[in-house]
Every structure is written in structure tokens, then in C-alpha cells.
Amino acid sequence: MSTPLAFARSTVGRKVIMAVTGLLLVGFVLGHMAGNLLVFKGPEALNGWGAFLKSSALVLWTVRLGLLAAVGLHVWAALTLIRLNQVSRPVAYAKRVPQASTRSARLMRVGGIFLLVFIVFHLLHFTTGTIHPGYTFSHTDVYGNVVSSFQVPWVALFYIAAMVALLAHLTHGIWSFFQTMGWSHTRYNPARRVVATVVALIVSLGFIAIPSAILGGMLR
Amino acid sequence: MNLTLHVWRQPDAGSAGRLERYEARGVSPDMSFLEMLDVVNEGLIEKGEAPIAFDHDCREGICGSCGVMINGVAHGPMAGTATCQLHMRSFRDGDEIVVEPWRARAFPVLRDLVVDRSPLDRIIEAGGFISIATGNAPDAHAILVPKQDADSAMDAAQCIGCGACVAACPNASAMLFTAAKVSHLGVLPQGQPERDRRALGMIAQMDLEGFGGCTNYGECTEACPKGISLETIARMNRDFRVASLRARPESAAAAGAP
Amino acid sequence: MSIELKSNVPAGPLAEKWDRHKFDLKLVNPANKRKHTILVVGSGLAGGSAAATLGELGYNVHCFCYQDSPRRAHSIAAQGGINAAKNYPNDGDSVWRLFYDTVKGGDFRAREANVYRLAQVSVNIIDQCVAQGVPFAREYGGLLANRSFGGAQVSRTFYARGQTGQQLLLGAYSALERQVAAGTVQMHTRTEMLDLIVVDGQARGIVTRDMVSGAVETWFGDAVVLGTGGYGNVFYLSTNAKGCNVSATYRAYKRGAAFANPCFTQIHPTCIPVAGEHQSKLTLMSESLRNDGRVWVPKQKGDTRAPGDIPDAERDYYLERKYPSFGNLAPRDISSRSAKEVCDEGRGVGPGGRGVYLDFADAIARLGEDTIRERYGNLFEMYQRITDEDPYKVPMRIYPAVHYTMGGLWVDYNLMGTIPGLFVIGEANFSDHGANRLGASALMQGLADGYFVLPYTIGNYIATHKLAKVDASHPESRAVVAQVNERMRRLLAVNGTRTVDSFHRELGKLLWEHCGMARNAEGLRTALARIPELRAEFWKDVKVLGTGEELNQSLEKAGRVADFMEFAELMCRDALVREESCGGHFRTEYQTSDGEAKRDDERFAHVAAWEYTGDDSPPVRHVEPLTYENVQLATRSYK
């Protein structure tokens, strides 16, 4: 009675897909963030890391396609569930007062869509170089690209805003991951919130440090 | 005390409904919420107006018949309390109270505050049981159940099936209801043989009934008069995931057995 | 047509009757079972377990309930527990002792053979329920926990926190839903039985109303099973659910089923007192509370001091004083009456002076608040929600309330009423509790009937009766449907000035006053004079709005109250004729010098079963003598 198709069709199955892909993406952003922090060690470190990542086309594209698939599945599951959840209550309450849901939980939908927009922008900005406000994009000088673009205040602020959204997204998302995977135990449950919040803070603050430092003139 | 009510009135499933305003005068703080509605209804009948229809039966918080949205909160402002056990001392003189039926695609309104919750029965039908026919069960002491397991089964088994979890969930999801049963039977040794089938069957039925999905808001637990915990949902998720991975196709011969 | 009360108790020694009888019962060929239709009305412990079991056996079952789900039947509200003669604690219990306690507790007004069978199958019930996954309380070692309950001197009560009825009902409900999924049972929710169809002297069908669409429908089968509960709501205020009613059994009575011992009603000693005129129902606090709580009132009349300010010497722990060996655990009828007595003396506490204290201070001091919380936490919470008082700090106030009705349709050993093919199970029948039911025995009886007795005996009836096919075109069916419709039309046509509830409340007060905890001939005569007047006023002045073709809760109530209005008379009549005090039936004229019930075994060691003879002629009282071959009739003493 259970086939992969039935699994993917089930609301719980789709949540598991979101959780697993979400975990992959959390792993990715953690690594991404750590790599980015090399910017503080100077141009050589960062550019060297960039060159290393691109040294094997096979590995690069495997990772890229894997990530793309993860994002695709994550977004597909999210959008179809959002749609289902919208039609599940055709007549809205005249009055409804949330009792328990956290702000980060309620922001998942809007925040998630904002992050999707951001990811597209981010790829056009730093991967393909299609968007390069006020500077010339270089495929090898990652450091230059970063510093030049974050000196443009709206770009930096847009990035910071996106990372705040990521903070909210991960705070609920990581906690939710445990819940969806079924890892719940009264003794360890308080730790789930702590782990989620700490990881979310590390990722987002790590990312935010870079545009902040550049805007503040610490890096140039 | 005197209160102003805004109550959802809808003559039947096919008609449109709207909020109507009623004045409830001389309400005693010792009345239950439903007794307050009784008094309003007595007044309506005397005036020749149709009384407000609402489901209720035991009025002691255990049958699960009653349940309305009170000022935007399922079962009203007092935590862990079904509508019938909510007393008017939770309100103040002059309060305005909005009273609405549970709202979900799966729970169509039948009249006023009465909704059709039969999907919950069908979810149970899809596996919320242990397949044991009457007679000749082994001696009750043949199966040892650790006290902790019995207690946590009981925690989940307390569900009264009122549907407040669905009503409170922003997605109108029935996860907490379904999980309570999956969890109750899943932690007991008696429930093991059918554990996989149960999770798969009940979740499939839940989806089929048109409930929304779970987004881990936690509104359900907060609304639950019995305080069924979110841990039950985690357990059901795990059972579903594990069952999905290890379920084998039933052999035709086995499936045909009665 | 006169009724003959044949108990059909099988011959042989008491302990072997049931086993022999089971062997003597004819069986239905398994392949034929699905061709036999059984209508089960009610989905509580009795009806639900019967429907599930009959479905498992392969019959074609239709089950009906007025609630929106079978899981909501009022069995769900039972708190304390279920008795079974398992003797797990090794404290001297046995089938025989449970049998004896039940007969004695019922004040020797129950049929020996039925009670013995009940005690026998009690052990199977626990096995069955555990196998279903009912989460009974357990010890650390993993074995089931037991407690002593409601006046028993052994620990034979199994429980699931304070929600035993709920858990047992959910067990039966899950078995029922399993059969619904298997297609053997068709469940009809929000469907109320309005009448019984009797064809050629046999119960063959029922008339129902779909409570959503209003459609009046007929259903036919080989047998009709009523598991429709008791009639406690005739008092308006009771611990029963609001929807509980007498209509199914009363309609059957009017079609020829004898109604036995209607005056046997149980008043539960531990309920939350009435708070005001608006009160719509009474809430029971489990009797298990009496295991640790001490019942008292001030010694002084009209003592208005706060309970904490009354020193121990000025308190009257009247149960401990009057019944030293049972103390606070004295049986229900005795505890209730004692509470009434002290309140009648003007020593009652709380608003209106109708209340006594149930004090946990000593238990908390002895065992600690945590232990008390573990045992009764949910009950304490419930009490606090309703009264706004904290029972950990202030003693609870309790007062007796109508709770259970031992009377019901008369049935033989096979649980069949005086109409062949009409089976009656659970609280709806009269069979096992005599004049007073022991705590934790209602759940036992409901499940015994539904799981272990009826499924055998009904097969015998079906196997031994060849029934012609009946459908809605049968003249009898048409006549009954026409009567049902006419009655509804009349209720809707009155368009008077008073609500249904106001009539119900008035009827309830009248009965509580004259046919409640204590009765006497004068009061009963007053009630018997007043009830017909009130009934006439009802039919002249009741106001039921709307139509029959819609969800109409006033119309539902009106039909039920109309039946209560007639039934109340039968109850008072029965109470008047029974010139003795026994169990829940206490006639003030018949008491010992120290105020204890005085039974009259010479004249009343029998079941009184009433036969309906028409609206304008009085019912006829038939008698089934009770013979005790195995127990000695004794005066019940709990001193």
C-alpha cells in the first residue's frame, strides 16, 4: 500500500521530503557561510577557495544539480502544501486569535517565498554575474565581487534582510525537521529549540557579518 | 452580567450564513457557556425565533460533542477546557463574544454551530483499532506493559474527538487527532503487529478527507481540551516514515485472507 | 394479550448454568449469518460492543445513535472503573464473591442466575479490553493495577485514570469502526429511534428520524437490540448526558414490552451541588474520591463558618460515625440518604444548604499532595473549573444526584424482552443490579451483555425462528410510521407559550421532590395527580418552532420530554405499590427505628414488570418472583 508516489502524495510524506531536503540545504548554507568567512582572511584565501570549488567540473555540477534538486523538491512540497492548506478552510473565521504559533512559524510561507526570490537574485549576482550594480564582475576574483557589490548600500541591506529571513526560516525549519522526522522525546525536546535557534543564529550572523563589515568599511 | 453575542447563524448546509447579534442579559458567572446559550435560546423561542443549534451532550468535558470558536479561540479562553466546562466567570460584564462553528473544508456546517465531523470516524475506520475479535483473548496479565508506556498510551488515548485541533489549526489539519490514536496504539505492545498498516492507512484517509497538512504551528495542542502533546504527531510521523520505507507489497494470497 | 414473565433460567447448579446453556443454544450456520439483519439501537458500551461482536460473527448489522459519532455515547462519562473477579491482588476475591456482593448490594432484588453469569464473564471483559489496547492503569512491574471501589472490601476495580468509561467505550468503538470498515456494520449516526415495529408479535423493525434532514425512515431485521441506556433524565437534573432519554425503551413498552422496576433509580452521593436555576445538568465526581476523602458536616445547625475554621470536635463525620466498618465507603444509596438527612436537619453547607463536605486534608497530610494529585488530579481540576474553588485547600462540596437507573425493560436470561425478537442490554434492561448498583458495575454489565451474552443468545433466537420478510409496505409498518408522523405534527402544531425545557424542568422538580431519594405514599399520590395535569399543559402550551424537515433540536427534545411525561407516571406508580424500602427505593414509611431501609421479603421479593394496556387504562403489574437458592436473604448491614 505504500509506493514512492503514494509517499510523495501524502501530506506527511511531503513534509518528510521538505525536512530531508531542508537538512541538506542547512548543511549547504553552513558550509557556504564558513567558506564565505574566508573573506576576512583576505583576497587570496577567498579566491583560492573559490578556485578550489571549481577545480573539478564533475564535482561542481554534481553538487549544483543536487542542490537544485533539493531546492526544487523543497519548494514543490512547500507550494503544494500551502495550496492545500489554503483550500482546507474555505470559509475564514470572522475572528481568530493564534494561541501558540511562533512568529517564525507564521512567517514560513512569506519568508520562504522571499528566500526563493533572493536565491534567484543571488545566483544572478554572484554565480553568473548577470547583475553587477556599479562594478565589473569577474569569474575569478570572488573577493573583488563581494567587496564591490556590498559597498552598494541597497545590495548589502537586501542581503542582510534576506539573512534575517533565513534566521526565521531556519529557527522554525530546523525545529520542525526533528518533529517531522519523528525525533521527539520529552527529555530532549527543549534541546530541539536550542539547537534550531543556535544553528540558525550561526548561519545568519555568519552571513550578515560580511556585508556589515564591508558597509562599515572594515573590508575594502 | 450582560454580554453581546455575535453568533453564526446558518439554516442548513446549503445556505449562506452570517453573524447575528444577540444580547445576553443577567448572565451568572456560575453558568457554563452552554448554559448561557440555553438561556439565550429560551428567550429566542419565547420570541418566536429559531434557537441557536449547537452540539452538546455530556456537558462534563468528555463526550467531545460540543465545541465552538469563542472569540477566535477553539473552546474559548480557558486552556484545557471544552466549551461545556468553560464558565462565564471567564468573561466580564459588557464583553462582546463572537461565536462561530468549527471551520474546515472537511467539516461542513449542518446548521448554525453544528458541523459534520464524520471524517474523524472514517479516519478511525482506516486503522484506529487492534484487530481482535471478541472472545478468547489471552489473559490480561499475559502481556506486560511498562507503566511508563501505559501512561503515555493513556495520555494520547484521552482524545475526546471534539475536532478543536482541526478548528484551531491554521491549515485545518487533523494531524493531532490522527496522531493521538496512532500514538495510543503504537506505544502499546498489543498495537505492534498493525503499527505500520495503521499509520499508512489512517494518514491516507486523513488526506482523503480534505484536511490540510501539518506545519508544526502547535495551535492544535494549545486548543486541545485534553492537552494531547505534539509528541504524538512526531511519533506518527516516524511511524509513517518507517512504515513507508519498509512496507512490502502484500502478496495476493495473504491479502485475500479474511 | 397478557404477558407471561418466563425467566428461562436454565436448570442445574448456579456455577454451571451459563456453560450448559451456551451448549444448548442453537447456532446459526456461518454462511447464513450475513443473511440475517440485526438492528442495534445505541452505541454505548452495551450497544457498541454488541454491534461490533455481531458484525465480527458475520451478521448484517445496522447500528443507530443519536450522537454524531458512536464514540460519544454516555458510557464515555463513567469515571471510576470496572469490576472483575480476577483476584489479581490475591485479597480473597472470586466469581462467587463478586456475585454475592452484587446480589447483596442490589438488596436482593436481582435474579441470581443473571448476576452469577455477570460475575463469570467479568474476567473475560478485562482480557478482551486489554487485547484491544485499553490503557488500564498499571504497576511498575507491568501488571494491571486494581483498586477498591464503592464499598467493596476487595480490590477488584480496574481503571484508566478517572476516565475508565471513556477508554472502554473507545475500545468498543474501535472494534465497531473496524466492522464498519469491514462492511458488516452500517453505522447510522444522528439518527434517533422513534418507534418499534412489531409484526405478528415479533419485534421486526424500528422507525427512525434522521436528525439532520428530518427524514422518517424504517429499518427491518430479524431482531432488534436496544442498548439505549437509562431514564435518569426524567428528573431533568441528573448526571446523564443531555440527550439521554427513555424514548426507545418507552416506545417498546407501549408496543408490548414489559417495563421492570421503574422506581429503582440510583442517586449518586458525590456530585457537585446545584449552583442555580440555570443549571442544565449535574456533574459527578467519581466515587473513588471517597477512598481518601472524609465526609462531614458541622455539628451545629446553620454553622456558617468557613470549613477550615470549624475545629475537628465540632465536625460530624457522619458516615464514619454511623457505619464504622465501611465508613466513607458505605454504598451509594446509604451515603446519599445520609447526606440528605443531615441537610434536612439544617446542617448542609454551601449555597442553599444542600451540600456536605468531602475533605482531603487528612489524606493530603498523610500521603502528600503529589499522591493525591496523581490519584485524583483530573477530578480536582474538573471540580475547580466548575466551582472556582481549590479542593487541595478547601474541602469539596458534594450532594447526591440522579445517576443511574436499575429499572428497565424486563428481560429473560437470554436478555430478550417480553416481545420476542426484542433484546435489551446494558442500563436499558433491569437485569443485574436489583434495587441498587454497586460502583464500577455498570461498565461491567454493559460490556458483559454486549460482548459475551447477547451474541450467543441472539443466535439461538435467530436459529430457532423462521421469519417472513417484512418491509415498509407492511400495514403494521405503515401504521407505526403514520403514528410517528402524527405525533411530530401535533408537537409542532401546539405553538403555545412555554419552552420544552421549562416543562422538563418542572417535571424534574416534581419527581425529585416526590420520587427522589426518599418517597412516601402521600408524595407519590401528589405526583401521580400532578403529572397528568402537567402532561395536558405540555400538549396544550408547549412551543416547538420550525419544521420536522430540518435539524430541529427543539423538536427532538419535545419528543423525548413527551415520553418522560408519560413514563414519570409509571415510575411513581411502581414506587407507590412497592411498599418497602430496598436499595435506591427508600419509602419513609418503611424504615427501622434508626432510619435504615426496611425490606419486606414476604411481599416484595419479586420483580415488578408493568404492561401497557392503553393510554386510557392503567398499566398492569406483573410479578416475577425472585427465588434465592444460593444466597441467604439477609438484611444489608454496613455497620
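Every chain is named by a letter (A, B and C) in the order it is written, and numbering of its residues begins at 1.
The working rule: a contact is a pair of C-beta atoms (placed from the backbone, for glycine too) under 8 Å apart; a residue touches a chain by one contact, two chains touch by 3 or more.
Quick caveat: nothing in here was measured; it's all calculated off a predicted structure.
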Looking only at which chains touch which, which shape fits best: line, ring, star, complete or other?
-> line
Going by C-alpha centres, which chain is most central here?
-> B
So what's the Cα centroid distance for chain A and chain B, whole Å?
-> 36
Separation of the C-alpha centres, chain A versus chain C, in whole Å, is 62
Whole-Å distance, chain B centre to chain C centre, using C-alpha means?
-> 27
Write out the stretch or stretches of chain B touching chain A in their complex.
-> 6, 8, 19, 69, 71-73, 98, 100, 103-106, 168, 170-173, 197, 200-201, 203-204, 206-207, 210-219, 221-223, 230-231, 233-241, 243-244, 247, 250
Where on chain B is chain C touching in the complex?
-> 11-12, 28, 30-32, 34-36, 38-39, 42, 45-46, 48-51, 53, 55-65, 78, 80-81, 85, 87, 89, 110-111, 114, 116-118, 120-121, 124-126, 128-135, 137-141, 143-147, 150-151, 153-154, 157-158, 160-161, 184-185, 188, 190-191
Interfacial residue positions of chain C with respect to chain B in the complex = 49, 52-53, 56, 67-74, 76-77, 86, 88, 124, 126-133, 135-144, 160-161, 163, 166-167, 170, 173-175, 177-178, 180-181, 187, 189, 212, 239, 241-243, 275-276, 278-281, 283-284, 381-382, 385-386, 388, 451-452, 455, 497, 499, 501-502, 543, 545-546, 550-551, 553-554
Residue positions on chain A within touch of chain B in the complex are 1-2, 6-7, 9-16, 81, 84-85, 87-102, 105-106, 108, 172, 175-176, 178-186, 189
